[in-house]
Amino acid sequence: MSEDSKFHHGEVKDSVPPIVQMKNIEKHFGNIIALAGVSFDIRPGECHCLLGDNGAGKSTFIKTMSGVHQPTHGEILFEGKPMSFATPRDSMEAGIATVFQDLAMIPLMSVARNFFMGREPTKGRGLTKRFDVEQANEITMTEMRKMGINLRGPDQAVGTLSGGERQTVAIARAVYFGAKVLILDEPTSALGVRQTSNVLATIDKVRSQGVGVVFISHNVRHALAVGDRFTVLNRGKTLGTAKRGEISPEELQDLMAGGQELAQLEGSLEGTV
Amino acid sequence: MSEDSKFHHGEVKDSVPPIVQMKNIEKHFGNIIALAGVSFDIRPGECHCLLGDNGAGKSTFIKTMSGVHQPTHGEILFEGKPMSFATPRDSMEAGIATVFQDLAMIPLMSVARNFFMGREPTKGRGLTKRFDVEQANEITMTEMRKMGINLRGPDQAVGTLSGGERQTVAIARAVYFGAKVLILDEPTSALGVRQTSNVLATIDKVRSQGVGVVFISHNVRHALAVGDRFTVLNRGKTLGTAKRGEISPEELQDLMAGGQELAQLEGSLEGTV
Amino acid sequence: MSDSAPNFEADERIKAEPLISRLMKRPELGAIAGVLLVTIFFLITADSAMFTASGIINFMTPAAQLGILAIGAALLMIGGEFDLSIGSMVAFSGLFFGVCVMVWGLPLIVAIPLTFVFSACVGAINGFIVIRSGLPSFIVTLAFLFILRGLSLVGLKWASGGSTQLRGVRDATENDWLAPFFSGDAFPGFFAWLAEAGLIETFQNGTPKVPGMPVEILWFIAIALVATYVLLRTPIGNWIFAAGGDANAATNSGVPVRKVKVTLFMVTACCAALVAIITVIDAGSTDARRGFQKEFEAIIAAVIGGCLLTGGYGSAIGAFFGSIIFGMVVIGLTYTGFDQDWFQVFLGGMLLIAVLFNNAIRKRVTGER
Amino acid sequence: MSDSAPNFEADERIKAEPLISRLMKRPELGAIAGVLLVTIFFLITADSAMFTASGIINFMTPAAQLGILAIGAALLMIGGEFDLSIGSMVAFSGLFFGVCVMVWGLPLIVAIPLTFVFSACVGAINGFIVIRSGLPSFIVTLAFLFILRGLSLVGLKWASGGSTQLRGVRDATENDWLAPFFSGDAFPGFFAWLAEAGLIETFQNGTPKVPGMPVEILWFIAIALVATYVLLRTPIGNWIFAAGGDANAATNSGVPVRKVKVTLFMVTACCAALVAIITVIDAGSTDARRGFQKEFEAIIAAVIGGCLLTGGYGSAIGAFFGSIIFGMVVIGLTYTGFDQDWFQVFLGGMLLIAVLFNNAIRKRVTGER
Amino acid sequence: QDISVVVHGQANDAFWSVVKAGVDQAAADTGANVSYNSPETFDMVLMSQLIDAAVNEEPDGLIISFPDPDALGPSVERAISAGIPVITINAGGAQAAELGAAMHVGQDEYDAGVAAGEELAAMGGTNAICVNQEVGNISLDQRCAGFEEGFGGTVTVLPTTNDPAEIESKVAAALASDESIDTVMALGASTAGEPSVAAVKASGRDVNVATFDLSAGFLQSVVDGDAAFALDQQQYLQGYLAVSVMALQAKFGLMPGGDVASGPNLITADKAGQVIELSAQGIR
C-alpha cells in the first residue's frame, strides 16, 4: 500500500474542536447489546474511517449519530453542546447527511423524488409555491452523471434500478445536502470500479471543503486511500483509534477481522482483501 | 496482481459440456432494454466471473438464469436440453442455487427459518411429519460459523441482523443447497475481510467438488483471485469472454468500467480498485 | 472493445414508447378503462334515460358524495394508513353540525367552520393514537368506527329528545346566504336556459328535469383537482408518497412522517365533515345510520382507482374515476331491467370485471408481464 | 487488541432475559394481556352471572363461531392476503348445505364433505383470480363478498320456493349419526354429573343450566391448536410466513407462493363452511343474511390477536384470544348496568383499550422502545 | 304501463322479499312493467337518489316507502311536480300525503308497537326488553317507543347486530343478569325473534316472547307455545295492492279515496298453524 497517494489528506488538527463528539455510547435492543460503550469524534475537514467486522456495531453507531436511534447510555455533543437528535430530520437540519447501509430509498418512487425526499426544491410563492419538478429532475440527472451513472431518465422507479445505481442515488443525495458532516455507511459496496473511484474522489473533495466525513468500509484499500483517522469496532466495543501513517495496512486488516485468522488468501490478494 | 495464487484453479476444459448455456438472451422491461443479446455458459468445476459497470445487466442476466425472469428473446439450455424455468423453484430443483443481490430474505422471520425457507428439513412421517426446528437451528448456526459469523442465536429476526450478517445467511444457504450451479451476485459486497476470505475460499472448495460457480463482483482482485473465465457486460451487451491468464488486471478493470476513464485514484489504489 | 460515450438524449437502452402506454402507466389514468367499460355496458343494457343530462347528474351525485370521501381515503392510503371511521364520522359530524344549527341556532358561517374544526380534532386524535402507539391504523380507526357511531346515536337521542333522527335542518338554513355553497344546485339559470333552448330534457309540464348542477359535484371535482395538485406538485405530496412507501426510509431521509400522517387523518375527517354538511343540509335531516359503511365504499373506490392497500402508490384522480364507476354501477341497475334480487351479484361482477379490465389493459399497453 | 475466542453459549453481547419477556415476545401470547384486562373489567362491572358456567358458555359460543373464521382469516393474513368474502361464504355454503340436505335429501356423511369441497372450490377461484391477475385480494374478494351474498339470495328463493329462508334442516338431520359432531352440546353426561355433584348451577328442577359443551367451542379449540401446529412446526407454516413476509423474496427462495396462497384461500373458505354447517344444523335453518359482516369481525379478531395487515406476522393463538376478547366485549355489556345505547361506544372503547394495553405490556416487558 | 318501486329495505331481508313477491305477483296479474329497487343499507341519501333515478325514467307511477320525510321529501315533490302519481307503502303515509301522495298501504309502526305492548302487558308482563337488530332505523325506534307506551312497565332497548348467534347470547345475558325480565319484544322475526325464543328456552324461565313480522320458525314456536304471538303487517298486500292500484290508475285513472291499513294483525297460536306454510313460501 503506497503512502504517496494522489489524494490530499486532511491534517488532523487536534486543536480544532470536533463537530460531533460521541462519548461512551451504549445501545441495547431488548436483551441484545449492540454497542457496549463507544467513543468517537469527527472534526471538520477530516475523513474518519469506522472499521470493523460484520456485526461489530458500525451501522448502529452511526444511526445513533444521525438521530435514528437514541442511545441507551452515553452523551452526544454537537459543536460542543450536548445534543440529542430525536429524529433524523433534526440531525439533517444541524447539517449531518447520511448514506445508510440500507440506503433509505422508497422503491415505488422515482429517482428524482427520492433524491429530494424531505428537502424538495420549490418555485413560486404563497399559494402557488410548488415542488419544482423540472429543477429536481435536472439536478438529479446531473449529480448522478457526476458519480458516473447515466440514468435512462429521472422518473424511473428506484425499485427498478440496479444495486449500484440505487446506491449512487443515495450517495449523490447525501453529498448534495451534506453541510457539515457526511456519514457514509459502506457507500461503495455495490459500486462499479468507475463509480467507486468517483465516490472516493468525492470524499476527498468535500473534505477539502471543510466537511467532516465518517466513512465505513470493509475495504482496507479504500479506507487507506482516503482516511485520516481509523477507529476499529469489535463486538460492540472500540479497539482504539489510529492516525494515518501510524498503522500499517496489515495491522489494520488484522484489527478489522477482530484478530482472528483469515482463510488462506493472503497470497492471491496481496496482503489486503 | 500475482498469478501464483494459493488457490487451485479449475481447468476450463472446452471439451466438458456446459451445465447451463444461455444463448443470445434479451430482456426488456416495458420500454427499457436491460439485456440486448447476451450469451454465456457455465461448466462444471469452473468459476465464471460476470463483470461490468453498474446497470450493465448482470443481475438481470442471472435472474433469467435462475427462473426469476423469463427472457424476452433467446434460449436457455440446461445440460444440453432447452429449458425454461417458470419459477426459481424449478431452477432450484434442477440444482441451481442463487444468492441474489437483494438477498431474498424475509426480515420478520428468524435466521433459521430464512435459511431453510422452501427446503425445510422434516422429521417424523405421515401425519407427524414436521419441520425439524432443532436440526434447522443447529445447521444454521454451524454453517454461519463456518463463514465467520457468530450469531447470537438462530431465532434472531433477519431484519435486525447487520448488513454483512444478513448477506452471510444468504451465501451460507446457497452453498448448503447448491448442487450443480452456484450463482453469487456480489456476495462479498457487505462482508468484512474475514468473511470475504471465507467466501472466496468456499468458492474454491465447491468448485473443486465439480460445482459450476457464477461469480459477480465489482472487485477486480476478488474476481482474479478465484475466476477461471471472465465475461464482461456493458450496457446490456457482452464485451466478450476471456480466460484466466489471457487478460491483465488493468485490462479487465478497464473493461469493467465500460472503457471510461477513472477518477485519479490509480496511485493510491495500485492499479485496481 | 470500448463503448461510445453515453448520450442521454438518445439512449440505445430505451425503446420508443407510444403516448398511450406512457399515459396508462400513470395510476391516475388506469381507472379510465374501467369507466369506459362500465359506460359501454350501460349504453347497451340500460334505459336511455341514464345518459341524458338528468341521468348523468343522477349517478354523479352519489358518486360525488362517495368520491369526496374516497379522495380523502386515497390520500391517507397513499400515506400508508387507513381510516375506517370515516363512515361513522359522517354521522358524527352530521350530528355536530345539526346540533350547531338546530340546538345552538348558529348561522352557517359559524356552524360550518366549527364542524370542520371539530372533525379535524377527532381526526387528529385518531392520528395521534396511531402514531404514538405504533398500532395499525386499521384497529385504532375501527375502534373509532364503533365509538363515533355510538356517540352519534347517543347524541341524536339527546339532541332530538329521544329519536334517532334530527329533523328540520333544511328549514333552519334555507335563508342562510352560505347555504347555496353547500347544498342544492348550482347555475339554475343556466340550466333553465338550456331547457328552454331544448338542449336538456324537460318533464311533460315543461320544467327542466335538471334544475342545476348539484354542488357536491363541483366540490368533488375541485377536491380531486386540489388533491392531485398537492400529490404531484408540492413537497407535501412527495412526503405523502414517501411516508406510505416506507415510513422508516422516509423518516431516515428527513420526511416528517408523523406530521404528515396526522395531517392526513385530519384531512380525511374534514372530507367526511364536508359530506356530512352537504347531505345534512340537502336532506334536511340526519340520522344515526348516515354514512353507514361509507368507509368501506370509499376504500373500494380508491382501490378500483389504483391505490395500493400497502401504501405509497395511487392517485386522487384514480379515486375520482373509481367513485364514478361505483356510482354508475349502484345507480345503473335501476335503469336496466334486471331483477333486484341479482343486484349484488351484478355489483360484485361489475366491480371485478372493471378492475380486471383496467389491469389487463394497463399490462397490455405498457408491456408489463 | 485481539478478541477472546467467541463462545456461543455465553455471549457477552446478550443480556439475561426473564422468561416473561421471552413469552411476551411471541405474537401468540400478546393477546393474553387483553383477555385478562377485559376479564377484570367485567368481574368488576358485570353481573356475577357472566362468569358462571352458563355465562361463560354463553359468550364463548359466539366467540367460537367467530373464532373459527378468525383463525382462517389469520392464516390468510399471515400469508399476505385478505378474504372479505368469508361472511358471504357462510351464507353461501349454508345455502349449499341446506340444499344438499333439504332438496337433494343427502345424508350428512355425503352433504358435509360435499359442502367442504364446494366451498374450497369457491375459495380456490378467489385465490386463482388474485394470483393470476396480480390484483390485491382486497378488491377481488370484495367482489365475491357481493357476488356470493347475491347468489345466496337467489339460490334461497329458488330452493325454498320464494322465501329468503330455508327451513327444516334440524328435523331432517336430527337422527343422522354425524349430527352430534356438528351441532348441539358435547359431553352431556359429564355436565349432568357436574350438576349432580353441585359443581355447576342447576335449574330448580335439578337439570343443569348448561346441558353440555357446545361443539363449536371444541372445534374452535381444535382448529386453533392445529393451525398453531401447522404455522410453527411444519414446512407449510414456514411457507405461509414467507409468502406473507415478502412474496418476491419467498418465490426467489423457492417457496411455492402461489400454491400456498391458493391453499390458504381454500382453507379460509372451509372455515366459513364449517361455521355454516354448525349454525345451519343448530338453528335448523339458513337465510340470506347469515354471516353478515363476519369477514370484518374475523379480521378485527385476528388484528386484536396481533396479526399484521401487511402480512408475514401473527398467530392462530392470537386470533383465538382476539375472538374471545371480541366475544366477551360484545356480550358483556348486556351483563352490566350501563345504558345499552352506549353499546357501540363501549365496544369501540374496550377494543381500543385492550389493544393498547396488549401493546404497552409487550413493549414494557420486552424492553422495546 | 311502467311502474317504479323504490323501498328502503334490502332484497335479502326476509320481510322485504315478501313485499317484492307481492309486487311481482301484481305485475304478473296486471301486466304492468314494474321495476323494483332498494339501497344496500338503510341509507336515506342514497334512497333519494334512487327515487330520482326512477323519476328520470318518467314512469306512469311511483311506489315508495317513506321512512324519512325530510331526506326523501324533495325527491317525492319532484315526482309529483312532474305529474307522476305516488303511492307510499310500509312507512310514512301521513307525511307523504301532505306532499300530495295519493294513498298509503301499511301499518303505523308506533300504533303497532302500542298494540303489541298492550297485549303483552295483558299477559302479565311488567319488565320487558325490546330487541333492536337494526339500530338507527327509525321505523324500529318507533316500534320500541310505541311498545313502551302500550306496555306501561319497564322497557329496556337491547341493541344488537343482526347475527342470530350473537342475539341469542345477548338475550340470554340480559335474562341472566335481570331475573325480573318477563317479556321479550323482538323487532324482526327470523333475525331477532327466533334466537330470542331459543335463549328464553335455554334459560328455563317463563318469559313471553313476541315479535314484529313473521317467519315460519317463529310461527312454529307460537304453535308450540314457546312464543306468544307475532305481529303481522301483511306486507304482501303492501306490494300487491300498491302495484295493482297504480296499474289501474295508469289505465283508468282510478284511485281509492283512503289509505289501507295492512296491519297490525296479531297472529297467535290458533292462527299460526295456517300461516306457517305461506310464510315458508315467502308470501307472509
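As written, the chain order gives the labels A, B, C, D and E, with residue 1 at the start of each chain.
Note that contacts are C-beta pairs under 8 Å (C-beta built on N, C-alpha and C of every residue); 3 or more make two chains touch, one makes a residue touch a chain.
Labels paired with UniProt names: A, B = Ribose import ATP-binding protein RbsA; C, D = Xylose transport system permease protein XylH.
Note that the structure is a prediction, hence the values are computed from the model and not measured.
Listed by label, the chains that touch chain A and also chain B are C, D.
Counting steps between touching chains, the shortest path from chain D to chain E takes 1. Across the structure, the highest number of inter-chain C-beta contacts is found for A-B. For chain D, the chain with the farthest CA centroid is A. The centroid of the Cα atoms in chain A and the matching centroid in chain E are 72 Å apart.
Chain centres here are Cα averages; for chain B and chain D they lie 44 Å apart. Between the CA-based centres of chain A and chain D the separation comes to 49 Å, rounded to the whole angstrom.
Residue positions 6, 13-14, 153, 341, 343-344 of chain C each touch two or more of the other chains.
Listed for chain E are residues 11-12, 135, each touching two or more other chains. Multi-chain contact residues, meaning those touching two or more other chains, occur in chain B at positions 29, 32, 102, 152, 258, 260.
Those chain pairs judged to touch are A-B, A-C, A-D, B-C, B-D, C-D, C-E, D-E. Residues 66, 68, 87-89, 92, 98, 100, 102-109, 113-114, 116-120, 122, 129-131, 133, 141, 145, 150-153 of chain A are the ones touching chain C in the complex.
Against chain B, the residues of chain D that register as touching in their complex are 6, 8, 11, 13-14, 229, 232-235, 237-239, 241-242, 245-246, 248-256, 312-313.
Contact residues of chain D toward chain C in the complex are 129, 133-136, 138-140, 142-151, 153-154, 157, 299-300, 303-304, 308-310, 341-349, 351-352, 355-356, 359-360. In the complex of the two chains, the chain B residues touching chain A come out as 1-2, 4-7, 29, 32, 52-56, 58-60, 101-102, 148-149, 152, 156, 160-165, 168, 186, 189-198, 200-201, 218-222, 224-225, 253, 256-258, 260, 262-270, 272-273.
Of all residues in chain E, only 11-12, 20, 35-38, 40-46, 48-50, 52-54, 56-58, 68-71, 73-74, 81-83, 135-138, 141, 145 touch chain C in the complex they form.
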